[in-house]
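Heads up, there are several structures right after this.
Next, two complexes with chain A in common: one pairs it with chain B, the other with chain C.
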Partner chain A sequence: MKIILVDDEQKFINMLAKRLTMRGIQADVVFTGRDAINRVKDTAYDVAVLDVKMPGISGIQLKKELKSIDSDLKFIFVTGHGIASRSEANMIEEDLYLSKPLDIETLIKKLNKIIKTG
Partner chain B sequence: MIKINQTFIKNFWPTFHNHGQNSHLKSFYTFTDYWRLWVLSVLILIATALLPLCIVTIIHYQLIQKSVDSELNLRAERLSSNATSAINFFMEERLDALIFTVNEIGYDQLTNKRKLDEIFKNLKLGFGGLTDLSVLDTDGNQINYSGPFNLEGKNYKNQAWFSESLGKKYFISEVFNGYRDLPHIIIAVRSAKPDGSFFILRATLDTERLFQKLTSYRTGDHADLFLVNHEGILQTPSVNKGAIFEETDLILPKNSGNREIVETPPQKTDLFISKHSVISTKIVGTPFILVVQKKKADMMHTWLDLRRNINWTVGISAVLIVLVISFASTFMVNKLFLADKEKAETMLQMEQSHQLASIGQLAAGVAHEINNPLAVINQTAGYIKDLFSFKDEPRNDEEIVEYIDSILDSVDRCGTITQQLLGFVRQFDIKIKKVCLKKIIADVLNFHKKEAEYRQINVSTSFPDIIPEIITDKGKLQQILINLINNAFQAVDEGCSINIIVSWITMGTIEIVIQDTGCGIPEENLSQIHEPFFSTKQGRKGTGLGLSITYGLVKKIGGTISVQSTEGVGTAFTIVLPVKIQEKELE
Partner chain C sequence: MDNATNFISIEGLKFFGKVNASISHEIKNILAIISETAGFLHDLTDLAKQGEDLKLSLLESCSESIAEDIQRGFDTIKQMNQFAHSVDVPIKEIKIFETVELTVKLSNFLSFSSKVEIENGDKEDKPVLTCPFLMESLIYQILLFVYESTGPDGHVLIQFDSQKKDGTSLIISTPTNFILDGFPTPDIQRAAKFLGFELNINSSNQKLDIWVPYVSKEIVALEKELQINLKS
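Right, the complex of A and B next:
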């Protein structure tokens, strides 16, 4: 499984990537939405783990952009606070949404589930 | 019964006396001084109710007094007229008798002692009121005398009455003492002798009989009848004015031969109805003026009784009116106070609710801020655990230290956030302290740091060279800044800017301008934004209390707030604050 992690909280995302790698999941790390778009253009990923709120492009907006590049890409959202608006809530399925601080085992379960269900 | 009494007391007892005890509620009351309101209400109602009553009573008094005065005048005039007629008749009768005697009985017989005694005896029998009778020549020698006194041969040339009687055909003297040193009146008739020279027939009037006649007209204890001469000297004793020959202060009528009744001008100290009447016979005038005085107060007994009854009725009515007005005013002001208190309590609750909402909003921001470092801690700690779980060989110490430092750094981040949060929690106690404006603005902006980053909002601050430190209620100032900065963040779109400019106005006042380049406020809404429950925010976003409470809070810390806004251009809220808050502004 190959995933891409997108979050402006660098320490958090680096550490998460190291731990996922230890568990056999190949995780690339980018800190902005723009970098994520560029990376997805070059590399095929199974799942993109996105922060909902980021400077510049928000997680929701980024999902649309990445989906247009790779229609097979799956998404999991991570956020430090609740869903900001009703429109955001509608766009994110409940089981694809995780709150910080993140439990790595829960994330891996979600990743496995999303890969299996396709 | 006890319950009814308690309700009665509650309604009519001034419950507003404890107004102002709750300093939190005080600033929300519409009226600041309920006692003043009560006093004004009572005074206005009493004036409205009692003024017509007083006017009607005064008019009634005047009408009754005029009518009684008129009746009293009539009675006094009647008495004066009757007494004047009687005195005139008394004088006239005796003068006529002397004239008859002089005309019918010649000088020769009058100078005869026996004949004069006979005439005197007949006169006393026929008319009475005479003391003696004598004949005088023009030199004042008493030629013949008939009477009880030893006055034969007396000469009256030097007496005033004699000189006066010589010049007149008929003469009536004032009361004087004469040779006998007793008050008496002389009536004299001048007549010609056969040789052409004059002689005078003189009679002395019995003054006691005159006094009795006057006294007979005195009805009751309240009337005084007496004679005075034209100089105001008493000619008979008076109950009010004194003994005979005493001088009086009466204002007397001009000398007149005709009977005339003149009313003296009323004097404030003189509670008499006074009538004067000049005594004058048909033949000759007299030096006498009859004075009739009636005691007003005593005569007005009926009126005084009536007035006392009216006074009691008016007095009791006035007391009842005052009581009813006092109770009614208390009732009304109580109701007003209770309604105002209810409004104030609701406003206070709203302010507290809004504060709680602000705390909730703050808490959401804080949760986000804390969750990020917690996520770092979580992952870093997890990674250290993984290092020991997944690797067989021990790791070198340097890497572990690096990750532990990462954990400590994140804990520090959490600590900073919780300290800021505690700072905001403490704000809800009223505490006047020195506040650094730069720090307090930075603290508030810190909670919006991430939002500004996410939404690419450019936030700038500007401070003067000397950064203001003000003495104020920190909690209220923070609440004001949170509300206005929150509003600014809600008003702007991505890429807009928010500027906070602090500047000195005077040495004692500073100005904080919070301006945004957001959507602006439509002109028609500008005058309403400070009103409670006014909101243009759709859905659950706005309670309509934020700006209303902000306006109230600014007022509480002695400041003023104004707003300039152009729709589509932006909004600027300007707060002017005193550098040092006055203690009384927080009460």
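Right, the complex of A and C next:
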């Protein structure tokens, strides 16, 4: 499984990527939406794990951009916020959503589930 | 909503909610880093139990990271506490630099905030008789407007000019063009009016000037109104 983690909290995703790698999941990290778009243009990933609120672009907007580049890409949202609005809730409903702090085993279960269910 | 008490109650509650949401987000991020680092230490311990070498440098960097984020948490809670105490007394004498600095820190919890540099040319932090909560709310709303123009990669400079006897000018500028369409909003105008502050936009040299009187007739009137309404 190959995933991309996108979050401006650099220490958080660097540490998360190390722990996922120790569990056999290849995890690349980027800190901005712009870098995520560039990376997805070059590399095929199974899942993108996105922070909902990031500087410059929201996770929801970023999902649209990434989906237009790779229509097979699956998404999991991670956030330190609650869901701010009904429209955000509707956007996220179809995807998987996790709240910070994360439990890594729950994240891995969600990753396996989203890949299996397609 | 011309009544200041109503304005502070309604707009103040919105502001209080917004700041609380951003602080809780910051605390969640800090806990997420500490949680992942503790999890990583646990992973290393499991590997060591299976006979793998435990690298001391990794342990050292993990403990340093946890200490740094605990400090970040303490700083956040300190700011939250300072902010919470700004409603203790409706009108009081505050230090202008200290209040602006706190408001900038609170606004920097927002994901779209720009990098802000505060330059205090005056050695003395001037006292201002004001409604601290409304002043913080006003500066916060103005900063949000500026951040929308400058973006998360932008830089904002705040300077103080206390050359005049009766007040200080708070000057907000950016190296790029200000795009302050729709500024000031009616809520910003109203808050400035209740505080006796004056807002001047100089689009030619990209500066926003906020005149903060040390004591204004508006603040004296506001004090009277709040005293009456808080008693009733």
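Going forward, the second predicted complex is superposed on the first by the 116 of 118 C-alpha atoms of A that agree within 3 Å, B and C clash if a C-alpha of one lies under 4 Å from a C-alpha of the other, contacts with A are read in each partner's own complex, and residues count from 1 in each chain.
As a convention for this text, a contact is a pair of C-beta atoms (placed from the backbone, for glycine too) under 8 Å apart; a residue touches a chain by one contact, two chains touch by 3 or more.
Computed from a predicted structure; not experimentally measured.
Asks: Should the pairing of chain B and chain C on chain A count as a clash or a fit in the superposition?
Replies: clash
Asks: Output check: A:Lys11 vs chain B and chain C. Expected answer is one of first, second, both, neither. What do you get?
Replies: both
Asks: Looking at the overlay, what does A:Asp70 touch: chain B (first), chain C (second), both, or neither?
Replies: Once the two structures are laid over each other on A, A:Asp70 reaches no partner at all.
Asks: Could you say whether A:Ile104 touches chain B, chain C, both of them, or neither, answering first, second, both or neither?
Replies: A:Ile104: touches chain B and chain C.
Asks: Which partner does A:Asp28 reach: the first (chain B), the second (chain C), both, or neither?
Replies: The answer is neither, since A:Asp28 touches no partner chain.
Asks: Taking the superposition as given, does A:Met54 touch the first partner, chain B, the second, chain C, both, or neither?
Replies: A:Met54 contacts both chain B and chain C.
Asks: Could you list which residues of chain A make contact with chain B in one structure and with chain C in the other?
Replies: Correct list for chain A: 8-9, 11-12, 15-16, 18-19, 22, 53-56, 80-82, 99-102, 104.
Asks: Would you mind writing out the residues of chain B in touch with chain A in their complex?
Replies: Residues 364-365, 367-369, 371-372, 374-380, 382-383, 386, 390, 403, 406, 410, 450, 453-454, 456.
Asks: Where on chain C is chain A touching in the complex?
Replies: 21, 24-26, 28-29, 31-37, 39-40, 43, 47, 65, 69, 111-113, 151-153
Asks: State the interface residues of chain A toward chain C in the complex, per the touch definition above.
Replies: Touch residues, chain A against chain C: 8-9, 11-12, 15-16, 18-19, 22, 53-56, 80-82, 99-102, 104.
Asks: Give the list of chain A residues in touch with chain B in this complex.
Replies: Per the stated touch rule, the residues are 8-9, 11-12, 15-16, 18-19, 22, 53-56, 58, 80-82, 99-104.
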